[in-house]
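Labels run A, B, C, D and E following the written order; every chain starts at residue 1.
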Amino acid sequence: MLDVKDLKVSYGGIEVIHGIDLHVKEGECVALIGANGAGKTSTLKAICGLVRPSNGAISFNGTDITGKSGHEIVRAGITMCPEGRQVFPQMSVLQNLRMGAYSRKDNEQAQDVEEMMDMFPILRTRAGQAAGTLSGGEQEMLAIGRALMSRPKLCIFDEPSLGLAPKIVAEVGATIDRVKKMGKTILLVEQNSLMALRLADRAYLFEAGEIVLEGTGEELQSHPEVTKAYLGH
Amino acid sequence: MKLSGKTLIAIAALIGFIALPQLIAVKYYLHLSILALVWVIAAQGQNLIQGYTGYVSIVQAGFMGIGAYSTALMGMHFGLPVWMTITLAPFVTAIFALATGYPSLRVKGHYFAIVTLAFNMVIFIVLMNFHDLTQGEAGITGIPKPGIFNFRDRETFYYLMLTIAVLATGLAALIVRSRVGQILVAIRQNEDLVTAIGIAAWKYKLFAFVTSAMFAGLAGALYAHYQSFINPEIFGVAQSLDAILAVIMGGSGTIAGPVIGAFIVVFLPEVLRFADSFRLILYGLILVLATIFMPRGIVGLVDVIRTKLTRRT
Amino acid sequence: MIEIIQQIINGIAIGGVYVLIALGLTTVFGILGIAHFAHGSVSMFGGYLTFFFVANQGFPLVLAILLALLVGMILGVGIELLAYRPVRKANHINAFIVALGLTMMVEGINLQFFGAEQIVIPTNFNHVFNIGGVTIPELRLYVILAAAALIFGMTIFVEKTKTGQAIRAVAENRDAAILMGVNVNTIPLIVFAISTMLGVCAGVMVGAVFAIAPGVGEGLVIKGFAVLILGGLGSIPGAVVGGLVLGITEALAAGFISSAYKDVIAFVVMITVLLVRPQGLLGKA
Amino acid sequence: MAETILEVRNLHKSFGGVQAIRDLSFSVSAGEVMGLIGPNGSGKSTTVNSLAGLFSATSGQIVLGGEEIQHLPEYPRVAKGLTRTFQTASVFPEFTVREQVRLGSNTTLKSNPLASVFRLGGSSDEEKRVEARIEDILHLTDLHRIADKKVSTISSGEQRFLMIATALAADPKLILLDEPAAGLISHERKTLSELIKLIRSRGIAVLVIEHHMALIMEVCDRIVVLNFGSKIAEGTPTEIRSNKAVIDAYLGEAA
Amino acid sequence: ADELTLKIGVSDALTGGAAVYGLPQSQSVEMAAEEINASGGVKVGDDTYMLEVIAYDDKANPTEASNSVRKLIDRDGVKYILGFCCSGATGAVASFIEYEDAVMLVGNAAERSITTMEIPNLVRTRPPADYTGAAAGTFVANKGFKRVAVIGALDVSFYSSYVDAFETSLQAAGGEIITRESFGLKDRDMTPQLTKIRSLEPDAILVVGYVEPAAFIYRQSVELGIDVPRFGFTSGSEEQFLRVANSDQMEGVWDLRPTELTLLSATDNGIAYHENFTKKFGIAPSPSSPYAYDQTYALKDALEAAGDVDDTEAVAAALRELPVPDEVVMEYLPVDGKMFDQNGQAYTSNGAFQWQSDQWVYVEDLPSDPAAYSAFLSTLD
């Protein structure tokens, strides 16, 4: 479904992704793990068209989307729940959710809003509140809900559990699991590597802008290097 | 002690400035150079608040006006000697800057810019309408030259201005290199964090604002004694925008920037006189193009070129 | 009493113009964070153009206004593409300098094409309503009504349409808006088109009720910014309230305190409001 | 028992209609690490912000070293010994790491800042003297290797350590850490917990907010749990771990 | 005898808001120079000089004006500088011209202090505003109006001095100014000020200011239902007023001002000037533009009288001894037979004009006494 070949990304002349290959198959859940600054977010941004790759090719469902603008990629069916939530701070929770359906033309949006609020009940109690004043965890839930509102084919999550209470982390895990069970294809970046690897069918390990390991979730969970650096408490 | 490249450039520039009157054939350009040196002082002040502290103030010309009127009026009404009124002018300006800076520095970004712009308009309107004190639009004529040397001679005045501009630039350099300067730059980057680490950011902002106003006051006072005439026209918003331009075109947040920028602001309109009635359009176009292609001013451009050259060799 | 009512009505007429100028500024500011200083001069360009079509070409007023709106829209789009887009990623002060450069260019163009003498767009609305001693000229009434209609239309557009919501979204978080599928390259164009058309409307009103002359646009844009600050940057209701407050304050100040210092009083009111509410009357903290 | 550094009495904070903290009281002693946990939106950051003075509390007292400080603005609280880090990284991007830490030590300088403009009155001597402390802190936080890098070029994990280093530079009695481990990977978290213990060993009290339970359980002497702005539990890690209310509201079955 | 070229300079507002005044002045100097050249040039001793005009834009800004004049003197070697429409720019140049080897001829700028500074190498063709204001005050008082409300561009001292002199005359006849309302150069909405004036119920109102805003006052005063007699000091043409107000709204308005260039009052010279100017530049000359035209002829006569184009002191002295040249357009009232008095000031006649069905009509002369005013001017400093 998603195929990334020899991707390179630079910021102002400094290359941070040094030619990586990865792919995601239809219905699969793929995790990217790795240390801070390893280049996971940059890879995701390149896929979503938020940064322009300096080299390489990205194709989605067989069509080349390299260098396309972000909105075209979103309309092709990729959505990302970005790192740091990125909610629209002055819009209400409800307006944020509705924005999620911006690229949709059907009229089932109201129904989907309800569904999101069922999934995250706190969003219902805060429906009219400006999103910027929600707590970090509340914002994360809103961002996930908003991403799902576009009914994406490929759903990208960048560190969805960052800053969430343990109970909610478990819920987020369950939510992603549910999204997965809905048959959606998922690309997941997580610091909480344990959770990521449990959820993932396959995973890639990033180090300093390169992919150093690839394998199924279980394989990586038991890989000694991974255990040492990422799965300790 | 080994001299750094920057010091060498500064010394070369200083020698150039000292030699300038001998190199200029047409004295008219000496006149413009004196005006440019006035602007150097004002722009160094503007750079403190705009370039280093990150607060775009649009009242620099208004403060020049306060300096200019205070030196002229103190001379007229109290018969104080010129040297003394020039010395006092920045302090009078500082009082106004304290009174306006204290409230306006509570707001940031565009709010601050517009509030200071409003102050400039208020200063302008008061200078215009408070006839009994300022003689309104007609202005004050016959402002005396300073004593001691023959400052009617433009060359002599040039050296006076050069000395003061160099001192002002030196003072600006000392400030930005000190702990205070470091804090100002920190405020520009992340004011909330400055407060969070226990620094009373507002005091430093006020310091930068007042100091910048004192530079303007000094520049205004010198302008008044050089031209012998002032009226509110010269101290309007348009001139405050020139101060901002000088900083941006030269290179914001650098010491050399305002010096270069001041000369650009004074000489560019002169260069464009050939364009006649299209001058305004052309001047605007140059500004737009320069900002697009030279976003960090001349100093920034030089930096880019230098790194390119050093990389190659 | 009649005097107070009359002054308030005087204030509403000029306030209506401030509101329209401020609306154009506030949308641009909200999305791109640009203090679009050239807005006043561009507005006056629209007014001049209308005058040109009516007085020199003999077009009917409505047609002239429509043509001016069209040209204004193209101009607005052009300004965004050619002048502001290249500095989008730079520091905001750079966009401000570009705005200053544009102001000079547009002022220069106005001067070159339309001359230094003031122009007044001719209309046939000469009637004056007199209600118990309070007078209101027909033309001013239309201006107030037109301003109200435009404000209403603008609010509906932003709050109720998808494009309007997308505009808000871009204003609040550009990257996130991209992820929602918003084409962030066209949004600024739409914003500039709308903003310039609002400006042209303001220019026509100024040209019909008052006059257009060199420098008038710059004066108005400063008032427009004062309105934004007063009402709260980026807020449409803020622009409306701010504009009316400023207009009425000026009228009352001129009528009851001092006409020479009416602008000083208006600015003092603005600064005072800002000190009590740094985010402006209706701005969000 | 060690002296009480911080005492919070009946703290309330509301934003318009939202009651973010209700009647919160607790205290922290010298050399103690206190954990502050609770569900998202329970008011932890609001507590830290109220203590640090970023928000002014609606009512209640904050007593630092025996002195009420709730009426003070933000910056003098630092001079009185209370510093903090932010939940989302907040740094000076254009400075080097060392420059940022040095600026953190500004409150410890006694000489008039204006004297530094002209290098007068021993101001430069004093500035030299703090350099030693800055080096010490850079080593303590393991930032000395990247001390001369520009802050914008270091990783987000390093930026989190930098925030702590900056806060330490002010020579605090109490340091407030808002989610210091957010975004850190496992070995970095280990470095962090070592760092917190080191800080404690220097007699500095720590109030730490975290969602990472292993870290909290490891470093904290005591823990306060918030829910809907109210304290629902207080105790040692072992007590908290088994507290029913805490499990329901926060930990969930997983823990 | 050689045919030589003499450069003369113009510094005036050629662009910007004040260009309405400055540009026609610059054009009228150009026209005068061409006429002089065509009729044989300036004859100084055995030499004949053709005039060459160099004009710089000073945007009516003081700094720019001193720049233009410095450039004319330093770079272009010009010794005779004409033009000057606006007081600020003129004041800036006047403050240093005394120390230069040059002669300055001021046109339309009417700030009084310019000719009270005793600058020997400066003369001015336009009389100060208070000279006219005093006459206007007497005129209004004689019509029996006691309570006069003033609205004007009072931040401009030229206008406020008109009002001050007006008030003195009015008070002498037992009248008073009940309020002074102000407006700025760019203001076009005068309803707040007029509303206040309406509530004060004056006998008459006096409007002083540039034509552009003043026209709005006349229109808006009618819209507000103010129906007392309206006097003004604006010097605007019919065309300028009709752009803003209709003729009904203007009906009965008085303009109390120097006679200047109005077709009805003009001499043959005036009619020819109007015609030539219109032909040459495709636009009618502004009423104040001949001040600069007349300067050029005064300069010509002075150069010829002094007999040396390089001796600026002699030329400046000759200007002050000059009778009114034959070619001038304005109607000057000589003092002691000389065009310029000892202060370097010239005086024209003042007139009362009234708007009567679609146009200005010259009604009568305003009683003016240049000799007395000249004596008064000498007492000021």
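By our rule, a residue touches a chain if its C-beta (ideal position, glycine included) is under 8 Å from a C-beta of that chain, and two chains touch if they have at least 3 such contacts.
Here the structure is a predicted model, which means the values were calculated and not measured.
Here the chain-to-chain distance from subunit C to subunit D, counted in touching steps, is 2. Shared contact partners of subunit B and subunit D: not a single chain qualifies. Subunit C and subunit E, compared by their mean Cα positions, are separated by 37 Å.
Each chain gets one centre point, the mean of its Cα atoms, and the points for subunit A and subunit C are 42 Å apart. Here the CA centre of subunit A is 30 Å from the CA centre of subunit D. For the pair subunit A and subunit E, the distance between C-alpha centroids works out to 75 Å. For subunit E, the set of residues touching two or more other chains reads 15, 154-155, 182, 184. A list of each chain pair in contact follows: A-C, A-D, B-C, B-D, B-E, C-E. The part of subunit C that touches subunit E in the complex is made up of residues 2-3, 6-7, 10-11, 13-14, 111, 116-120, 126, 128, 130, 135, 137, 206, 209-211, 213-216, 219, 250-256, 258-260, 262-263.
On the side of subunit C, the complex with subunit A involves touching residues 162, 165-166, 168-169, 172-173, 175-185, 284. Taken in their complex, subunit E has these residues touching subunit B: 14-15, 56-57, 60-63, 66-67, 70-71, 73-75, 87-88, 91-92, 94-96, 99, 111, 113, 117, 154-158, 160, 182, 184. Contacts from subunit E toward subunit C in the complex involve residues 15-17, 19-20, 23, 154-155, 181-186, 188-189, 191-193, 195-196, 198-199, 212, 216, 223-225, 240, 243-244, 246.
Contact residues of subunit B toward subunit C in the complex are 50, 56, 103-104, 106-107, 109-111, 113-115, 117-119, 121-122, 125-126, 129, 237, 241, 244-245, 248, 252, 277-288, 291-292, 295.
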